[in-house]
Structure formats: structure tokens, C-alpha cells
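Two complexes, one shared chain (chain A), two partners (chain B, chain C).
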Partner chain A sequence: MAIYRRGYQRYDGPRTSHAERLAVLARDAWRRATAQRLVAVLLAVSCIWPLLCLLFIYVANHAELWGGLDRNFASILAVDHQFILTFMKVQAVFSVILAALAGPGLVSPDLANQGLPLYFSRPVTRADYVAARTAALAGLLSLVTWVPGLVLFAVQASMAQPGWLAANWRLGAGLVAGFLLWILLVALAAVASSAWVRWRLIAGALVLGYFFVLSGIGAVVNAIFRVEWGDLINPLRASYGVWCALLGAPMPSGLTLPMSLGALALMGVLLALVVERRLRPVEVVS
Partner chain B sequence: MPQPVVEIEDLHVVLGRREILHGISCRLGVSGAGRAIGLLGPNGAGKSTLIRTLLGFHRPSRGMARVLGFDCHRQRRQVLERIGYMPETDSFVASMTGVEFLRVMGALSGLPGEIALEKAHETLFHVGLGEARYRTLGTYSLGMRQMARLAQAIVHGPELVILDEPTNGLDPSARRRMLDLIRQMKGEHGMSVIVCSHLLADVEQVCDEVVILKDGAVVHHADLEAERRANRRFVELEVEGDDSRLGEALEQRGAACVRESAGLWRIVLPADFDLRELWALAARQGLSVRRLTQRRDTLEEIFMKAMGLLRQTPGEAAAGEEVQVRGDL
Partner chain C sequence: MTARFRLRQAWIIARLEVRRLFLSRRGLWVYGLAMLPAALFLIHGIDVQYRLGQSRRGGIVQPAVVEALQTGMTEQQVIEMAGKPQEDRQWTRRKWEERVEGGRKISEQRVAPARRMIYFDGSRRVLLFFEDGLLRDINKYQILNFPEDREVFAAIFQYYYLRLAVFFGCLGVFLNLFRGEMMDKTLHFWLLAPARRGVLLAGKFLAGWMAATAIFAGGALLAFAAMLWPHMGAEGQAYWQGPGPMHAFRYALAAAAGCAGYGSLFLAASLWVRNPIIPAAVLLVWEAARSFLPSLLQKLTVLYYLESLCPVPAPLDPEMPALLRLLLAPAEPLDPWLASAGIVLFSAVVLRAAVAGVRRLQINYSTD
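After this line comes the complex of A and B, so read on.
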């Protein structure tokens, strides 16, 4: 029977599990994040650097291509922690821009027209809502961070001499772990910005500001006070410290692993606090 | 004993540093009976706070609130699986189409994927948005958005629907449609409905029970259906002609009556008395009936009394007179 003739009937069949409901929230967030054309364009652009890195790996593993050149050239073409760190730094910038574009669309539309009570009057908690939105964004950011990174690592492992993988497994593990930590911070910053302001454009600007303006402020603090702890308010720099430790690279001057981890943990707590304060079904005026 | 839809015991809710609800206790509705409960009160009485506490948005500082047998705070998920909520504020997600919006809301309430989509279409047709279901909510008019909010509250077939100011801002025809839908929800689909509204006429039309709140406390709880039944026996009759034998005839039929003035009677009818008999009796005595009214307290009068603006309702006054009449007889 045509649906418009059937009339409304109450549903009393079996209900889905809690996990399936979370998946609904995450799918909705994914649909929103990928609906923008600019996001698709940026995803395509962010593939350029991994492709160049892939070319680099190919060249580095084919000595016949550069055999006639200077001997020192071999050391430049090594696929080591420096190569991975350079790859991570570039892709981290792309991930911030992607989060600034896609992130605000996840929460702001719900806040803009007071849609949150509609979600929270269903069997969905605030933690579920934030986790699903963050997971969707983290999934999107994965496409420009650890996924291509892992592909590069796998390609290098397959092209390199036997034994390279056993000697350098830490590079792959460090890359994935470092990027996962980074993605969590970026996604949390995007959700927090989106929860803080209802306008997508401003929320996006806040994400960019959080990462790039704070970097500038950190540098200014270092320069004015002739100190190095200014790096701790710079999320890019603090993350870089952790990546170095994970990849077994020398730590940047003025940073230690506990300091970097502490700074990132503090940033995470502050961002989570913003989310907790702003994402409520109803606002209570004291 | 039938399970109440809402059971509240000594409920205190503090928001900020202010106590909004001061120890409310009441039992509302009967689970599965398809009754509508009106929640009334002036601004700041605590209606919205009570609703939000039932939804688990606010934590009670003392006491407990149960919905359909589940504790609103400790068993929040079970409660929310069984209820639908239509907020007072204009809540929607502008970028979603009507179908998309309802599908997501239905799926979040536990409808399996395909059924959620089917129910989304079905519900949108039911509330009169069938033709607009592929338009984004941002392009809907205020009345359409109101209907979309009602649709999302019932898409998953809840046992209890909480409607916060459902007719606010609607034009007369949309208002009538909304009230019809509420009647259908309780009458045809057996849902319990809580209607929170300032519009007493709307509540009176659709509700079987009302709770009146004032300053965070329950000041009146009335079963309108029972009152309607009880008051159906009290009538005012105005006739033209020689009515000297009317009183005697009515008493023979078991009615108690008093002649207020020439042609004006107040009558308390026995339970088995059909009003058509009154017309027949008047006809037999050659009387023309000018007016026959069943007097009962309006919700407005009940509300005014609960607010302390009336000493007693006309119904209470009439009940006093009835006792007086029976005493005279």
C-alpha cells in the first residue's frame, strides 16, 4: 500500500542496540563532514605531498637512478625518522585546515537552531554525541594523516632491503601513534570551537587560530623572555616533541617528552571542558 | 493497581543556587490508557523544569521522579527509549530534509534503518508534511517546523509524548490540526500525552487530567474527565409558558429542582436521566425550551481558583446549592 494511504502506525517491534545508535550519529556526522565540496578538494590536494613522498621512496630504493651522482646524495635520500617527521609536519598542517573546514559543520548546525534537546531527549548521552562527532572527524583526518603514512611505510618496507622492516618498525608504529594523538587533539579542538560559537565560519577560524596563532604566541613568548617553554603553548610544537620521542629522533631543544605530553594533556582537558560546558540540552542561568 | 505514567515523590530541583521545584508529589495518568495530562501554571511556575527533569536534563536534588516505572535519573536510557519530546523552542537542523531529519531521529530512538526511513515518510504524511518532506527544514514555515517537531516526537512510536507548548504561534487551522493530532495520539494510538501549555482552551479540549503548578509546587490536580461526568447532571433550564406543574413532574422522575424565577429552573438530574426526557416533558406540558445548559467548571475557573484569584468555582457553588436544594426537599 502506498505510504501516504497507510496512515501512521505505532512501531512496537525490536529496537536497535546502543552501539548501532552511536553508529547512526557517527554516520550522520560523516555525511555532514563530507557534504562540502571544499572538503573533497582539500582531500585531493592533501594527496599531493604523500604522492611526492612516494616518488621519493621509489627513487631512494632505486640506486641505479642516481648512481652517477655525488656519494653524499645517498644520505639525503634515506627513508628515516627525518623523512617521516617531515611527512608528518606537512600532513599535520593539512589536517588542521581540513578540521577547520569540516569540523564546525558537525556541531554548529545543531546549536544554531537549538537542535541539541532533540538529540538528548533520546537515549543518547552527551558523551555519545561528542564521541560520535569526534570519531567521524577523526576518520576524515585519518585519510590525510596515518593512512597515507602507513601506505608509505608499507611501500618502503616492500622496496627496501630485507631486514629494513625489522630495524625500522618503530617508524611505522611511531607514525600511527603520533598521528592518532594529533588527530584526537585536532578533532577535539574542532568540536570545541564548533560548540563554542554557532557560526561555522567563525568556528573554522577559531580552529585555525588555535593551532597557528598559538604557535605564533609561543614563538613570541620565547623571543621576548628568551625562554623555551613558550613551545608548550604551541600545540604543533608540543606534538612535534612527542613525535620525535615516538620515532626515536632527537628531541627539539627545550622540550622533554613529559613536558610535551603534559602540555598536550592540559590542552586536551581544557578543550574537553569547553565541550562539557557548551554542549548541554538546556542552558541553565544561575 | 494500575501503573501511573508519571510518579513524583517529594521532588526538589535546584538550578544554580535557586530551588525551582519545592517537593512536588503526584501521580499522573495511567500507563497504556491513552490519556492526556495538562500541565498548567503561570510563567516561572516550574513547568519546563519539571518536564526537563522527567527527561533527565536536570538532576533532582531530593526526591524521585519515575516515568512509566523507570527512575528518570538512574534509568534515564530506559525512560528516553519510551518517550517522545517536542520542545517549546524552535528546534531543528536547518540543513536536513524532513525525511532525513525524521530518519535520523527515529534511528537514534532505536528504529532499525529501513523501518526508520519508512516511519519517517509515514509520520510526515500523518502530520501533513508529506508534500514538503524532501525540502530542507530551514525552508519550512514556523507552523511546518512545529509539525516537524511533533513528527520527530512520535516517529518511533513512544508510549509517552511530552509536548511543550504545542500550539504556540500556530494559525487557527494549524492549531485545530495540532489538537486533532493530539486527540488521535491518545485515542487511536493509545499514547499517553503530557501537554504543557498556557492556552487553557487547548488543554481543556484535549486533556483528561490537569496539574496546576504555582511557584514550584502543585496547587491543584484535577481529573477533568471525572468532573465532566459528574457535572453532566447539573443543568439550567429556561422555559416559556405555564411551568407550574414542571417541578412536580421532575420530582416524580427523581430530579431535584428549584425554580429561581418564572421560567428559570436549576435542576440536578438523577444518574439514569436522559436529557431527551426533559425535552419530552416540556413538550407534554406545552412549554417552549428557551435555554438548556449543562453547567460545569471551565478549566479557566479551576485555574483561577488554583491561582487564588477565585474563592470557589461555579461548580463548587452549585454543589453547595444542590445540598441546599436536597435539604429543602
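After this line comes the complex of A and C, so read on.
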């Protein structure tokens, strides 16, 4: 065939399944996220608090260690919803730092090097791309959130009096559900930040700023206007409201479950809109 | 080359840089962080003035009369004592009541008249809630509360301004000085100039510090003024003629010192580490854990010096778990002048380390 008669032809050979294609993207994102040495260091550092909590559980379940101390000490050493909430709050901070470190490397390089058209010229949709990136990050964040949380819960259940598990199963279920919701928000924020700014460095700072500065702004609004709705612009506080409801703990003043869920849903929608707007399969070069 | 010549070079670099820092679109968000408390205090001030005006128009009751009101009084008694309320609302509510009849509990619903009257005694709004014609609840709240507003300002300054706004603002400003130019691929122009690397660093730090200080110390003073504005009656005047100016100066000084401390750290981090977000995150956690550290380690945090400069100690978080409260061990604050000297010394040591970093700096634009 003469060369001038060769035109574009659509590929019509066999294709891999959708799940397999998605898994390729997720595997690539996972490799990228875990390739950094600092991620491994941070994962190790984030084990410190769960280890301290493990020590706490051990001490709390061995009354002979603190038998001579004040009676009030027993109430402090209880493994209850307050203990789980404190554990969740600290690990949530670590998860934000981890997302700031690992998240921007997932999307920013593709944007900065105009690599998106290469992805989207294959049978991969934008939703697939975002889902794969989010899933890889969610997997990484799980290692510092619900996985150690579930280990602590299992250790407590094995050390406590018989019947503790039946009476407190809600703590374990609430911990996992609460952290899954949190991971979704953090991963979405990290993907949105890295889609918004092309530089990894700035995107990382944006993730930290999103969570910490918004929490500060929420507290400032509450303090100046003597209100409590400022908590709704604070992602950590809104999530805390949901965690309290899931664990059966008293709700923080001024927050209800629908309000907290609504605030988180709104944040999620806004972040998803950012991703939708910035991740385009075409690039206009000016 | 004399020291005077090098200082002049550093000043010229600072002058060129500072214009870029103030006007760059990339740095506009820093103004937002710095001015947010001022804007919110201003809105609060306008709101308070409006509510005060509304309340005054409705008439003022003597504070002694308000104090004499007690639960259990009838509506008529209250009106005789305090006069016509400025707001009066009546409604009915359905109530379930239980009574025992013949050994059986009987629940029945009835309609109860309810009423809310509002009075104003010159500074407080007094809400009186009646049910079945009897005063059930008295709710007084101060529309203008100067001591509370000052405490709120102290808490916001220490928890939001120093820990978050100045921290992230300096992260943005000082990272931009070298890393920003790396990303824009413009740093080689500076390195080609006939100036020592140390002089370049001094000029850039000076520019960053001047810009950050103008923005954050200015923002703190504006917020202080906005907090004070609705209270400029007798109470506010007395404060302003007493410790007020010194408090304002110390807040501005703390903001400037924060810019120097965090700025020097972020500048050094941007020269020593390829991804300065890691040291920033570590510093954020380190500074947040300050109150739990041993006294000696607390002196290695920037916040220790900054809090010593603040005129009013920040209140504790009321929701902190009991066990964490037990672990709290805040170190004794330093004398403000010692704290200022401490932060200058701290910044000088960090900048000395940064000079070593800038001397070994080599441009590799492709890595960023």
C-alpha cells in the first residue's frame, strides 16, 4: 500500500477488562507513592502513637500495676470512646502529613509534563484516573489510620474481661467507618491540590494548609462571633462530629450528625469539582 | 570589598525582591491569612454596634431593676417593675404532663401559654422566658464585653495567628525566595550577579522578613484596632491610656519575631532539603507538641519565644483530655527583651547554616 494511503485506524484488537486497566493505574500510583524514602520514614514515625496506645491498653488491663494509685486514675485509664477518639485525632494529623507528602506526586507530574493526554488516549476515563490515584493514596493512608486502630481494638478485646467485645463492638466498627470517611476526604483533598497547582512542593503545602488553616479559621469564627457553626468549615472538627456519632460518644456542642455529614459532603463536592475542572484530557498551550 | 559595600549590595537585592513579594499574584493568599482576623473583628464590631443601636432605641431599664428580677414572678409583676419590654412575643406550646390517678400513671397533653420578653440595661440584653404566666428562666448576655474580647484576641493571636497564619505565610513567602525562583527557572540570573552567595541570602531574607513583617504585624495591629473599635467608650479609653499601646506593640513584635524565626527556618530548609514540606510538617508537629516537651526542649521551639512576647497568656483548650492535661508542663515565660534577643540569636544561627547551604547550591532545574 502506498504510504499516502495509510491513514489513522482505530485499534480493534483484544482489550483487557476495565478492572485490569484500573489496576494498572492504581499499581503505578502505589509504586510512585511508596517510592519515596520519606514516606517509609513517616510511616515508621506514625507507628509511635499506636505503640504508645498499645502500652496504655496494656497498663489499663493490668490493674495490679497501678493498684496503689488514686481511684480517679481508673477513670483516666479507661479504653472507651474517648480513648478511640484521641487515637483517631492524632492519627488523622499523621494521615494529613502523609497525604501532603505522597499525594502531590500522584497527579502533579502528569500535569506538569503534559502527560494527561497520553493517559486519556487509552481506554481510561477521567473517573478511572482519579479513582486509581485516590485508591492508591487511600491504601497508603489506611496503614496509619484504621489498620493500627483495628489492631489496637483487637488487642484490647483479647486483654479485656469476657464480654467486652460484645458490649463495645461499636467502637471497632465506628473506628473503621470513621477513618474510611476521613481517608476519602484526605485523599480527595490531596488529589485536588495536586491537580490545582502543578508544583509538588506547593501542592503539599496546600494539603497541609487546607486542613490546618481551615481548622484555625473555624475556631476564629467561633471565638469572635460566639457561635459554633464555625466548626462546619473545619474538616477535622466536622469529621470529629461524625466519629462521635459512630462511636456512640456525646456529640460536641453545636454539632449534629446531619450538620457534620452535610459539611463533609459539601467539602467533598467542592474538591471533586476542582478535580473535574483541572483534570482535562486536552492541554491548551499558550 | 568592604562590609559596607556588601551591606549595600544586600539592601539593593532586598529592595528588588520586596517589590516582587508584595505584588506577586502567587502571594496574594498571604494577605488573606493575615487580614482574616481583622476582617472578622470588624464585622463583629459592626454587628455589635448595630445590635446596641437597636437595643437602645427600644428603651433602657436600670441595671438594679434587672438584678431584682427573680424566677417565679408573674408577667404582671415583671411589667410593673421593668416597664414595657422592647420585644414581646407570645405563643402556645403543647406539653405532655404526667399525673398519678388511682395508682396509674396518666399522661395528657395540654396547651401552655409561653411568652418571651426582652429588656436592655445599657450593656446587657435580658431575655425573660415565661410559662403559664410565671417567669421560668432569665438569660442575660453582655452585648459589649471588653475583657472577653481581649481574651478572644489573645487566644486567636496565639492559636491562629502565630501557629497557623504566620507559620504558613512564612512558608509561602520564604520558600518562594529560592525554590520559587528554581521553579520559575530564574535563579541563575541572581547567581550570575557579582555578589557573594551569603550577600544574596542576606538580601533575600531581609526582603522576605520585611514583607512578612509588614503583612503580619500590620494584620495584627489592624485586628487589634478592629477589636478595640466598638469599645472606644470609657472602658476602651482607659485601656488605651493604660496598657493598650504596650499590648499592641508586643503583639506586633511577636508577629515580627515569628516572621524572623519561621522565615529563617523555612529559608534554610529550602536550601538544604529538596522537599521543604517535610521539615515544615515536622516543625508544625514539634511546635504543636511544645507544651508537652521538657523545659529544655521547649527552648528549642520558636513558639516559646513568641509566647513570651505576648502580653496575655492564651487560655487552655477546654476539650483537652484529662490525661493530656496531666502531661502539660509549660515552661516559665522569658522576659520580653530576653525573648526578643533569643529569637534574633536563633534566627542568626539558622541563617548561618543557610549560608552554608547557599554556598553549595547548584542549579538543576530539571529536578523541580
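Here, the second predicted complex is superposed on the first by the 267 of 286 C-alpha atoms of A that agree within 3 Å, B and C clash if a C-alpha of one lies under 4 Å from a C-alpha of the other, contacts with A are read in each partner's own complex, and residues count from 1 in each chain.
Convention: contacts are C-beta pairs under 8 Å (C-beta built on N, C-alpha and C of every residue); 3 or more make two chains touch, one makes a residue touch a chain.
Treat the numbers as computed from the prediction; the structure is a model and nothing was measured.
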Residue contacts with chain A in the superposition, chain B compared against chain C: B
First, second, both or neither for A:P252, with chain B first and chain C second: second
Chain B versus chain C as contact partner of A:I76, first or second or both or neither: second
First, second, both or neither for A:D28, with chain B first and chain C second: first
Chain B versus chain C as contact partner of A:V93, first or second or both or neither: second
Touching partner for A:L208 - first (chain B), second (chain C), both, neither: second
Touched partner set for A:H62, first chain B, second chain C, both or neither: neither
Chain B versus chain C as contact partner of A:V220, first or second or both or neither: second
Partner chain in contact with A:L101 - chain B first, chain C second, else both or neither: second
On chain A, the residue positions that both chain B and chain C contact, one per complex: none
Chain B contact footprint on chain A (complex, rising order): 3-4, 6-16, 18, 21, 24-25, 28, 32, 109-110, 112-124, 281-282, 284-286
Touching residues on chain A, where the partner in the complex is chain C: 38, 76, 82, 86, 93, 97, 100-101, 199-201, 204-205, 208-209, 212-213, 216-217, 219-221, 223-225, 252
Residues on chain C engaged by chain A in the complex (per definition of touch): 33, 36-37, 40-41, 44, 47, 152, 155-156, 159-160, 163-165, 168, 171-172, 175, 179, 183, 275-278, 280-281, 284-285, 319, 321-324, 326, 368
Of chain B, residues touching chain A in the complex: 15-18, 52, 55, 57-58, 76-77, 80-81, 83-85, 87, 89-95, 104-105, 107-112, 115, 118-119, 121-123, 125-126, 130, 149, 152, 154, 156-157, 189-191
